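The structures considered in this document are given below.
Heads up, the next two complexes both have chain A, just with different partners, chain B and then chain C.
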Partner chain A sequence: MSATEEEKKQIVAEGEPAQKHVPGEAAPEPGKPGTWEFLIAIPVFILGVVVCLFVGWVLFPAVLYCEKQQPIDFSHVVHQEAVDEGCESCHFFREDGSFSGIPKLENCSQCHEEAMGEHPEETRLIDEYIEPGKEIPWLVYASQPDCVFFSHAAHINMAELSCGTCHGSIGESDHTRPYQYNILTGYSRDIWGWNIAGIKKNTWDRMKMDDCAECHEEKGTNNACFVCHK
Partner chain B sequence: MKMDRRSFIIFSLGAGAGITFSPLPWKLTDDMAIWTQNWPWTPVPPEGVVTHADSVCNLCPGGCGITVRKVGDRVTKIEGREGYQVNNGGICPLGAAGLQLLYGPWRVQSPLRRVGKRGSGQFETISWEDAIDEVVKKLGDLRVKGQASTVACITGLDRGTVPQLFDRFLKAYGSPNFIRTASAGDTYEFALGLMQGATASVGYDLERASFILSFGSGLIEGWGSPVRVIKAHSVWRSGNKKDRATLVQIEPRLSNTAAKADIWYAANPGTEAALALGLAHVIVKGSLYNADFVKNYAFGFEDWNDSKGQNHMGFKSLVLSKYSPEAVSKITGLSAKDIVKLAQDFAKADRPLAVWGRGKGTLPGSLYECMAVHALNALVGNINKPGGVSTRPEVATQAWPEVKQDSTAEVGCSKPRVDGAGSNRYPLTKCLPERWPKEINENGGTIQALLVHEADPFYTTLDSAAVAKAFDRIPFVVSFSSYMDDTAYNADLILPNHQYLERLEDFPTPVGLQKPILGLLQPVVSPQFDTRHVGDVLMTIAKGIGGTVAEAFPWDNYETVLKETMGDKWHTLEKAGYVEADYKPPAWGKAFATPSGKFEFCATAFDKAGMRISKDMDYLPHYQPIQPEGDEATYPLILMPVELIRLADGFIGNPPFCTKTLEATELKGNELFVEVNPKTAADYRLSEGQHAIIETPKGEGKVLVHLSEGIMPGVIGMPKGLGHVGYDDYLAGKGVNVNSLMGVVEDPISGLCATWGIRAKLTSVLS
Partner chain C sequence: MKEEHQKGHGKTYKYGMVVDLDKCTGCGACMVACMAENNISFRKDDTNKLVSNFWMRVYKISNGLPFPDADISYIPRPCMHCEGHGHHHATPCVSVCPACATDYDHETGIVSQVYTRCFGCRYCMAACPYHARVFNWWDPRWPEGMEKYLSPDVSPRMRGVVEKCSFCFHRLQRARNKAYAEKRREIGEDEYQTACTEACPGGAITFGDLDNPEHKVCKLKDAPGTFRLLEKLGTNPKVYYTTTRDWVQKAADVYVGNEGNGVTPA
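This part shows the complex of A and B:
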């Protein structure tokens, strides 16, 4: 049995789009469903921005850096008072011009062979390091990567920079601050700087190559690659 | 609100914008770049106090002074010692790579005893006490059984206190078999003994020579004391054209020395003696020789009559009759015109000097060839003269007390040596290190125990298959090596010596130097492993054996031996790191201790030594071809080893730093190249980079072919120093050991190895 004419028309009508746009007719009026969807897009976009800003600025640094405590809580203030030659009393230049860096246990032992006071950190220093003759595994905030040749003599003795130009006020600290390091590179956080955006206010806030280059530029020093990358 | 596709895309766009304005991508990019530069296996120099310490390098007989840079107790660099008389601040690639020998994985870290089959490389760690006990027991048993003379010892040098301790040990123990690795220096010493009556090494005043005629010596490839010779080469090359020295190289291959020479003559290999005599012919015929020297201080130049009135041929008659430029041209392949010109240029130069010793001088070579070259020096009167050649003694030291031998020792030492040196056949030769495997394999010679110190006979002795066979017949092999070299790898027991940077020892005058200088190896770094000084170990073994063997070593330790031996020189030696002797070669009137009291072109010392010389010509330097082994029909080509300064081929394995410097036409992966002339390649259908099998009467190996116009057609050049079985993956299994393809051709007079090449064939194979 074949379909009637009416049934055929019905089938054709159902096959056509519900709102077929016919040229010459007016666009849908405001208040209809299409306009509402456009508005809802704005908060969704903002949500995406906010979430990722949070991830980038807060979560990422928290995940990227791990924290360690120094083996001994060292007071620069106490030691500065006890020595005569300031920083160079312990961080000195060797006879050949090389820099001693962080003092070795031998340096500490010169005064702390036996306890000088009753501070618990000093007791720990003697019990855990001096008596067993074990070097203190200091975590070096300013340690530069191995591909960099850095001469303290060139900067302190020749260019006459002060220690603080790069190291800030560490010489005035009463406690060691936590050491943070990058889990990907292993570098100390002081190299990139504590500001995750890399923004610096002081010369000692960052120790990246650009910072070295900036100072070399200002002072008119050679900025060629081989100056630092031998 | 539902998160549909559209919302997700919009959220992602927002996220993208948010991330862009956060430090995450920028910081992460930076960190990732840094991360790739900090692989955990990248070696990092340590930080700490930098110090420098002076010592002497003993990796070759060159004996350069070195300055070691240390950070804390870690050696970080080895440099040439400034002001040192031998090398004055220079260093060779091997010396600079000495660090890898100190810290490399091939160090023997404690005494080892073989547990697997010999050569399997399976060892167990044992204590020093057990190791020494084992040696004491074995040597003690052999002595009790009356087999003391079956113990042999092979060392790298025979001068210096440590080799002398080994010699003394054998004397007290009862064995004549103190064997030392041979070199071109041995043949030259032999020639000096015959022609000048001297018991001394040869010294060349290279720096002051103005015309250097090199008979195949690799002057910038490690010949002599390598850095010293390279520096002398710089002196020859400095100054303006008029002042520059002239260097003429005779060699079948365009080596670096040949490439740097003013003139390079590719004479047929093995015909150097004929060429030297051809030059002598021109010099004599043209009266270009030093008439004063020849007339007043030389014997055997003219024909002469012996005490019985019998007339003998002199050098002049010989060269004039047999070595005309035309005749020599036929032998050597050089034109007669070139021979005449070369002879004239050489004789007319201010300070001409002919040097001898093929390649690095590691093979002893032909005695008559050496005598022919030395005769050239005599003709131009440069003996003991500035820019010439001289005899050079050692720095005098305190003699040790005479060894008291018991009857066992006396009987043992009176027996013939296992290598045949000092026998009626070879009365003037001290050691024949290439000969003992043949004696063991073919002539019933016996070695029950072999002690090896700073030598790698398993690797360096020619005809490796025969050496391995001989090793199989030695029940007890002890190595004192610091490294797992090929001999140590095939030893039964390894008692590791401190490495050269870890120990105290004297170093005799470097080879070829004209001035006596004694250097001091100093412990610049503390021993890295459970090793002991070989001098102390040897004395402990002697004391364990007891009796007169123990009494021969009255010292507490090696340091005492060294101090007592140096006597009043010790203070200077300790302070300066070396002692120089005030030595000036004697004037001609007093220089020669031959039977005639003169320089002898005609070596009558043969008679004195009881050697039966039948023909007049055999007293004189003459061309007696040393034929390479193999028949020409089967082996139409000739294989010659090529020695490179970047490839150590002695008792030290090539360190990775040096192996890295080998060119892609020398070593590719584990495959070694042989160098052939394109003409030869065309004859055998070989092309560049193609695999081939090289076969000689002694063995075969798979190699790659490198075509070079710089090698004579018909000659195959093969780098020497690869194909080790010991050491580690950085060296073992790389290439083919050229020594395994070579055989020993004995010099008829000295018995030393006169091999310069071997017949070979090259067959192409599909890759």
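This part shows the complex of A and C:
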């Protein structure tokens, strides 16, 4: 920087008044804002918090999750009354110990080859799926990522947990609820849980790795990676 | 010592392998079986060893002597599933992983690799003295239609992560599933065998529980002429080799001449 420029700066600095003084008002202490500034700052801060919470808790989940309806409105209540063996009538173990999961069309058509009643959903099931022999594209609420290995046999037969421990009261539902999935990951919302903050009140509220590990920890079961990962 | 978070249900296994190098013809069936079993993709030219991914690789060594003393040996090399020594085991790859993407399972003795947790720093590859770990420089690709032959029991890896032999752990998961359905916990020797063991036409590979005297590997590992790769490093691997040829055994421990018999007791 040249000498002349430095000189100029000095002149400017000297020319500025040290403090602005408004006549008739007490001069505020340097560095401390006035009372009126506080009065504005508090509501602005509260408004900011409200706006941020609204975006985070209401708008973001609405954008993050997409909703789909199940292909058929299925009633667990009606079916539970009709079958003898509870959940296992349709969700059974295969001979090799693997779990059948959501029943295949073959399972449905054992009873619904012909219409059993006059419910419009049953008529649709027969016309759209059983007649043409097309599998029903059920959306699986509890579907886990590909890297997860889960043995139903270990949990039902050995640990003697009930289906409801992880699946909640789905067996008592009269209608299928909408299936929501995360648009970024494609995973079902049931994995993260329906509470966006991840707050968990029941064992079936979430299906994350932490929830599996928590129960394994409590029961003293092996928590090594390759127990549940593949 | 058993880690607190891996208590399990009491019964523990120590799965391991004994490979008879005198029976190995170097046919490579184990490599092919491994790739098919574990959804390992391949490149247009897999002879380029810098970019090809193998979990099981067959190495060829020679004694370097002229005819008529020339001899070669093939060494099939899966992951050694090193147990390490002492309190914290110190499996080389596990001890360096900053992401906890790999661990030593005290119930089975298997070193895991969780691909969704790995972020590809490749410390484990540097730590592994056996080159058992490979890095995915590309996303896996299969020729059109071949993806239908992938195993649903093994998750395919993505670009940017490290992978390695898992002793076909998914086969143990499958065997356990079946056992649990029959309400038992014990897994029989024949219920859990790796793909390479089954594929070997010469029967060179034996697999089982090293601690169970009823399993074949338990006796084989203590037979004379049995050794492990780079024993002197103290990694305590669970893959044993056996041969009647002295030079093979010395080569396996990178024997340099003036260090006794070349094999350090474990």
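Just so we're on the same page, the second predicted complex is superposed on the first by the 196 of 230 C-alpha atoms of A that agree within 3 Å, B and C clash if a C-alpha of one lies under 4 Å from a C-alpha of the other, contacts with A are read in each partner's own complex, and residues count from 1 in each chain.
Please note the rule applied: a contact is a pair of C-beta atoms (placed from the backbone, for glycine too) under 8 Å apart; a residue touches a chain by one contact, two chains touch by 3 or more.
Since the structure is predicted, the reported quantities are computational estimates derived from the model, not experimental observations.
In the three-chain model built by superposing on chain A, chain B clashes with chain C. By the touch criterion stated above, A:146 is placed in contact with chain B and with chain C alike. In the superposed model, A:98 makes contact with both chain B and chain C. Of the two partner chains, chain C is the only one that A:154 touches; chain B does not reach it. When the two complexes are overlaid on their common chain A, residue A:57 makes contact with chain B while staying clear of chain C. Of the two partner chains, chain C is the only one touched by A:230; chain B is not. Comparing chain B with chain C, the partner in contact with more residues of chain A is B.
In the superposition on chain A, A:182 contacts chain B only, with no contact to chain C. Clashing C-alpha atoms between chain B and chain C turn up only in stretch 652-660, chosen from 652-660, 670-678, 688-696 or 742-750, once the structures are aligned on chain A. Touching of chain A by both chain B and chain C, each in its own complex, is seen for residues 96, 98, 145-147. The residues of chain B lying in touch with chain A in their complex are 1, 6-7, 10-19, 21-28, 30-32, 34-35, 37-38, 42, 44-45, 47, 49-50. Of all residues in chain C, those touching chain A in their complex are 5-9, 102-108, 110, 112, 114-117, 153-156, 166, 169-170, 173-174, 176-183, 185.
Chain A meets chain B in the complex at residues 37, 40-41, 44-53, 55-57, 60-61, 64, 94, 96, 98, 100-101, 145-147, 182, 184-187, 192, 196-198.
In the complex of the two chains, the chain A residues touching chain C come out as 93, 95-98, 145-147, 149, 151, 153-154, 157-158, 217, 220-227, 229-230.
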